[in-house]
Amino acid sequence: MSAPPRSNERVAYFNGEYVPEREVVVPFRDRSFKYGDAAFDMTRTFNHRPFKLREHIDRFYKSLRYLRIDPGLSPEEMIRISEEVLTRNVHLLGPDEDYWIGQRVSRGVDAVGDEGWQHTGPNVIVECMPLPLKQRARQFRDGVDIVVPAVRRTSPDALSPRAKTHNYLNLITADMDAKASNPQAWSILLDVNGNLAEGTGSNIFLVQDGEIYTPRDQFVLPGVSRQTAIDLAAQEGIPLHQRDVDLYDAFNADEIFITSTSWCIVPARTFNGQTIGNGAVPGPITKRLTDAYVRFVDCDFVSQYLKHA
Amino acid sequence: MSAPPRSNERVAYFNGEYVPEREVVVPFRDRSFKYGDAAFDMTRTFNHRPFKLREHIDRFYKSLRYLRIDPGLSPEEMIRISEEVLTRNVHLLGPDEDYWIGQRVSRGVDAVGDEGWQHTGPNVIVECMPLPLKQRARQFRDGVDIVVPAVRRTSPDALSPRAKTHNYLNLITADMDAKASNPQAWSILLDVNGNLAEGTGSNIFLVQDGEIYTPRDQFVLPGVSRQTAIDLAAQEGIPLHQRDVDLYDAFNADEIFITSTSWCIVPARTFNGQTIGNGAVPGPITKRLTDAYVRFVDCDFVSQYLKHA
Amino acid sequence: MSAPPRSNERVAYFNGEYVPEREVVVPFRDRSFKYGDAAFDMTRTFNHRPFKLREHIDRFYKSLRYLRIDPGLSPEEMIRISEEVLTRNVHLLGPDEDYWIGQRVSRGVDAVGDEGWQHTGPNVIVECMPLPLKQRARQFRDGVDIVVPAVRRTSPDALSPRAKTHNYLNLITADMDAKASNPQAWSILLDVNGNLAEGTGSNIFLVQDGEIYTPRDQFVLPGVSRQTAIDLAAQEGIPLHQRDVDLYDAFNADEIFITSTSWCIVPARTFNGQTIGNGAVPGPITKRLTDAYVRFVDCDFVSQYLKHA
Amino acid sequence: MSAPPRSNERVAYFNGEYVPEREVVVPFRDRSFKYGDAAFDMTRTFNHRPFKLREHIDRFYKSLRYLRIDPGLSPEEMIRISEEVLTRNVHLLGPDEDYWIGQRVSRGVDAVGDEGWQHTGPNVIVECMPLPLKQRARQFRDGVDIVVPAVRRTSPDALSPRAKTHNYLNLITADMDAKASNPQAWSILLDVNGNLAEGTGSNIFLVQDGEIYTPRDQFVLPGVSRQTAIDLAAQEGIPLHQRDVDLYDAFNADEIFITSTSWCIVPARTFNGQTIGNGAVPGPITKRLTDAYVRFVDCDFVSQYLKHA
Amino acid sequence: MSAPPRSNERVAYFNGEYVPEREVVVPFRDRSFKYGDAAFDMTRTFNHRPFKLREHIDRFYKSLRYLRIDPGLSPEEMIRISEEVLTRNVHLLGPDEDYWIGQRVSRGVDAVGDEGWQHTGPNVIVECMPLPLKQRARQFRDGVDIVVPAVRRTSPDALSPRAKTHNYLNLITADMDAKASNPQAWSILLDVNGNLAEGTGSNIFLVQDGEIYTPRDQFVLPGVSRQTAIDLAAQEGIPLHQRDVDLYDAFNADEIFITSTSWCIVPARTFNGQTIGNGAVPGPITKRLTDAYVRFVDCDFVSQYLKHA
Amino acid sequence: MSAPPRSNERVAYFNGEYVPEREVVVPFRDRSFKYGDAAFDMTRTFNHRPFKLREHIDRFYKSLRYLRIDPGLSPEEMIRISEEVLTRNVHLLGPDEDYWIGQRVSRGVDAVGDEGWQHTGPNVIVECMPLPLKQRARQFRDGVDIVVPAVRRTSPDALSPRAKTHNYLNLITADMDAKASNPQAWSILLDVNGNLAEGTGSNIFLVQDGEIYTPRDQFVLPGVSRQTAIDLAAQEGIPLHQRDVDLYDAFNADEIFITSTSWCIVPARTFNGQTIGNGAVPGPITKRLTDAYVRFVDCDFVSQYLKHA
């Protein structure tokens, strides 16, 4: 990188300091750059307030523990830093905008020892980024087009999909396959057994005959939004089952929706090119859960997205 | 990172320029840092001359093509840059030292667009690093202790082990399991079918009754050193078979050896704690292939390693 | 079906008689209608002469034997009937047209015994049909767009893909998934192990570095055109390997082509949306094999297709 | 087919008309004849009244939707037609007889366009057939001999066993293997994971220590009779679990019974040649459920079968 | 064996007689010696009283039935004999000692018929043996070191892990692999799907967030101690789930414990080299269940073990 | 065992001594009795001369090494002992009789230490037994009835089928299933991938179009008779392929034969109830190989068997 260009005003936490985002750079021998040897997590804000930060940090520490990476910070410190990052950046948001807040810890830098990098331990980054409201508004309006690619989600006996790590190539190559024919496609992969698993940072739910089905959590990231949807379904009195679901279920679903941190809940329109149910977007159960979600987070994220359409 | 510390004198190629290694830093939103969304390759020098640079670069471009990453440079340019990096750093080597030379290309930087990073396209790095001769000398003297962990090598229908990517967590977590009981252990993973596959950047060969067996290349990185060993076996008139090999084969092997870019060929001493064959390190076939390798590369890498013991 | 409408003039063999095609109707309790409990085979003519009829009939009898269906006719009789069907219909072809000739045997009719159907044994049909030259001309001109769907080819321990049966739903549903995003897509399924298998009535070949690779025949129909391509490659001195090939191979192929009875050899243009090799359609090896095929069958099928474009 | 022979008096619905059964014939290019490209369902009558027709039609439309076949009729119309078919044929039944009532829809006819077939859209057939009371009476008296063949039930990622399609070769070839040594054998296949799945149109239940176990519905047809048994067990206060069951469970079962549309509930006598439990046919739980079934359908189907022995 | 040496005073039941242990010898053509063609079970005493003898004998007869071995004795007789063996040997125990009591039945002797062996039917042995309190005391004090080997537990479609047979080589070879690097390691194998299964005669339980998880019983021996732990958890109001658990669960467990007949409940210290939870041995839930177990069996087995340390 | 009964006159080697067979008894705590923790091998004599004793002993030591059992004897000693056992028993054979000669080594005796057994190390037995010529004569006359059971051969990642161990329950339970419907059935199991593997101590070969196919040796015991057949096929100029073969191959085979130590080569008559090829027993290739086998061993084993019919 040559001379410092003009930049935004956001700051991020980086190994103990709050610095402008553009100064958060890592040596090329950092193990996350070389190997994806890191974990991360990501929450969002609603009306500029962080959502379930504790739950995200708890999941983050499980990912780290699975990878046997020691971040050198307690969960409580990580929460406090995340809040501080938000505090320092919140004034940059417009009223209809919100942030993603992400935590990332790499195992550190592989160094001969003479490169001149002062810091070779874990690289700890906490950062925020405006939600891509504009890019994703169309899907709130029209529904998501789900496409199942041929690539299978990595088997848990190779690398657990439950850990949110910096190894995303399985999801990335699968998504490129799905998008090859339809750039608007959202890929949902099958797991090693041929059941529906998950998409990039997103969980899938099927509705049939007034009941909801979502894959068991062994083969998918246990999404915090997924858990919120599960809790809200219970609260709404809608039966919800965590079980193996497959293509037969999907083609016969009355409704399908996706959950993710940024989307919360978003309805799907087609599944492998077939209109889902009678084509209503969102369907009644999806609508009901979305409304409950909006109430729960006290933020009408649907309107927020649509405003950016 | 705070004030610039004292550093080595090596330089690396970084997106069009040759800069001191310590200046090769990437934004934290680089996709290889975030996702391991990158490929790399790595050759070594013998007597300060690069080994099979063309073959390594060819494999590198296959990895990139599988990932659908465009490096923006032709293979010929990548070779030329690699040679230039060596030229600019070779004077820093002692007479008994040699370099790893690595090429790395990430897909680029995910940016809101306002971070102030000038470069958001592919990050291209070509760099060199002294071989870890001292750390690995013991294994040339005593033989490698191979341990097979429970974690299985990622299945090719999730992410092909033939592509040399920046997604190494499968190999890293497996290796931590193997080293948990024996820090000297070198892990060799089983593939999805339960056959011997590969270790981190390394291939395995079994010798029995004067013939050599090595796993088929679908489940392993097609190592350049592996291919060299295959070619040298043919030249030496030693029958060599690429086929599925499993634990039964390994426990009944007369000799086992490992190939890798840095090691070339190194003998193994134990397999899951059992002495291999009659315990000779190296065994006669391994010795013969090693000698042929030394002649082929015109560099006595065994003595080189042992000098650093 | 109500009053007999106007019809073509083609005749077909049906249980011992040659009748107008429109009279070849089967009771709804025929086991092939109810269960797909039947086998078939299909050759084509070149310049109105049947291609490798003996080889097709041999394969047909293997399918029947696997299903334990007795057609009540010897292979020699089946060949003679096929030739007779051609003779009786050949005058209906234009000069640039050719026929598919198909043989079909169902296990027979499940009947209470009182339905009034005279014939309840195997239904034996031999028929011909003009090749869809117009519909497929585009792909000879531009190349096939290969898409790999998520549905896997039926495992041989459930129903062998080597038998050409009337159970095609696995291929049909997979193809609908592939065509959902791109109606021009030609689906090639993965087998149970995640290797490339086959498409509907079609085999896949990859070319890399001047050598050809095609899946082993255990997971695919052993196509007669596939075998012709294999034989012609040998004759042309082009190395050809029957081995497991997967997505990594396909993304790194210099050329890909498809063989089938109707197409003979047709080049592919894209694989999961990525341009194959340097984009030449056909590539040089495909061209060379196609030319050899044209010479072998003494019919320029490429020109024949392009005339109908 | 030549001159019209003498026939029964039953009529069937065929694409909008009610015609004598012997006139329900389909062109040989119908996709169900060629590919088994169709779905069906089948209920039975008790005392000449149809059983759970709505449930069968609902399942039928799920099969059609999975196959993406549009029957051109609503479920309500399909129910009405089924009732009409029964009405038109019921007078042909003796007092101790009952009907199967079946609905079948094929995707339509593949035609060059000149064959002279007026109808090339979906072929829709609704028909009835006397139950095979005589042939199956022995099994009500003595119990079924269950044999597990080596052929595995098709994996859901190839073709879902939950869809009742015209692709039955997997079940047919498996059944031939089971019957090879014992023509009385009733085959129950294992699924892709080695668990007990299902037989041709039939589900299996194991009883142990007063509780009932039946395979999860992902790998089997969700039988309407199966569901009836599940509901009746609940009503009778007999604990019933849908879970993976395997050979160990079967050899240790106190009782085993089969459910199917025609049989309702029938006891098994042996499992792979071993006497089940203490050999009582039916065992006490099977008896209790059978009695409840008889009450529920208000028809003593056991006596009905035995009368025909 | 030459002249009879001095021996202990224990007696065992052997085919109808109570004889000194040293006289319980079987012909080398006994099928259990040749093939491991036998089943066994094993309970222990607490304060010299047998534990859940009925449950163990019930499981024993399930194993026998799965193997289709007829022991020639009823379960009640087997219980009575087991009690008699204990009665005849109990006076040999010290106050802090207890017995294993084992039942073993082989299918019998394969004989030409002229070897001179009177007894060729099932060999039935009931025997007792002092518990290895001294050898296992360390693990009660320090915790077990769990290591997961690469060898997978035999698949239920080959031989059910639920049957307690004399075929232990799968477990034995796996355990040798685990102990190769750490002789103190206790191996827990993965099942065919990559989930945690079981160790030699032992079940695994994970604790997280105050709830307990243990593998489903299809892939593991349904341990009587395992069932006791499950019952005691219910009694203590600790939620317990039988579900698939994998390496991610294990690395994130707060506590892990093992159950077996001899150990009852023993805490684990490390899992693949990583300290479990915060390292407390036993953790609070393990302690609570252990205390409940001690009360339930009315024997402080922990103190008993520690006395022998 | 009570008073010594009358016995045959054969002697066996037992831990250093040659003793009457009836004295070869092992303590019930021998690990082969308890766990099948032992390996064995078995050759036969032709005209009272041992067949390929060296090859059998080599395979035996591979089994032992895989199990990590040290027999305490060199292969040369084991050969010498085997010859001595034959020498001491050969006079008991009639002129048309021959022996099996078996070697067995268990890992030793698990002992508290006070049982009074002098020998607790490996139990080493070398023994002979007349071949079951009479029992198997029918199959030489009529051909073997092959039946494929549902039980799958143990996966190599659980316990390698290549090691000839005392763990035979997988094969035994599978064989009971196959024999349940047909007591004359000879079971051939499928491997974990659904390919034909092997039967109890026996290998399968298919003949089609004059070429021979037999499963790869990873999933089967590498039979010495199998290797003999392979060598003789080469010598006879009959192409032979080691490759995956499945049910499709078997149903389409012209001939099938089985090899085993006792049978050498025996033709099959039916495969899962279907007549093989045209029903000739033996078929021409089987006959030719059998004749070559007879010449090679200089013993007409077919006549020998038929004499005992």
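As written, the chains take the letters A, B, C, D, E and F, and residue 1 is the first residue of each chain.
In this text, contacts are C-beta pairs under 8 Å (C-beta built on N, C-alpha and C of every residue); 3 or more make two chains touch, one makes a residue touch a chain.
These numbers come from a predicted model, not from an experiment.
**Q** By that same contact rule, can you tell me which chains touch chain C and chain E alike?
**A** Correct list: A, B, D, F.
**Q** Through how few touching steps can chain B be joined to chain D?
**A** When the steps are counted carefully, the minimum from chain B to chain D is 2.
**Q** Fit chain B to chain C on CA atoms, both being copies of the same sequence, and give the resulting rotation angle in degrees, nearest 5.
**A** 120
**Q** Over half shared numbers or under half: where do the identical copies chain A and chain D land at their interface, same or different?
**A** different
**Q** Identify which chain pair among A-D, B-C or A-C reproduces the interface of D-F, meaning that over half of its contact pairs, matched by residue number, are the same.
**A** A-C
**Q** Farthest chain from chain E, going by the mean of C-alpha atoms per chain?
**A** C
**Q** If I average the CA coordinates per chain, which chain comes out farthest from chain A?
**A** Looking at centroid distances, F is the chain farthest away.
**Q** Centroid from C-alpha atoms only, then distance chain B to chain E, rounded to Å. What do you get?
**A** Comparing mean C-alpha positions, chain E is 45 Å from chain B.
**Q** Roughly how far is chain E from chain F, going centre to centre by Cα mean, in whole Å?
**A** 33
**Q** Two-or-more-chain contact residues of chain E, please, as numbers and ranges.
**A** Residues 66, 68, 150-152, 155, 157, 176, 190, 194, 247, 274.
**Q** How are the chains arranged in terms of who touches whom: line, ring, star, complete or other?
**A** Here the contact pattern is something else, fitting no line, ring, star or complete shape.
**Q** Which chain pairs here would you call touching?
**A** The list of touching pairs comes to A-B, A-C, A-D, A-E, B-C, B-E, B-F, C-D, C-F, D-E, D-F, E-F.
**Q** Which residues, counting only chain F, touch chain C once they are in their complex?
**A** Going by the criterion above, the answer is residues 190, 193-194, 244, 246-248, 251-252, 274.
**Q** Give every residue of chain F touching chain E within the complex, in rising order.
**A** 1-2, 4-8, 10, 12, 14-15, 17, 20-28, 30, 32-38, 40, 66-68, 104, 106, 112, 114-119, 125, 127, 129-130, 150-155, 157-159, 165-170, 172-173, 176, 192
**Q** Within the complex, which stretch of chain B touches chain E?
**A** Its residues touching chain E are 147-152, 176-177, 179-182, 185, 190, 194, 247, 270, 272-274.
**Q** Give every residue of chain C touching chain F within the complex, in rising order.
**A** 62, 65-66, 68, 155-157, 160, 162-163, 216, 218
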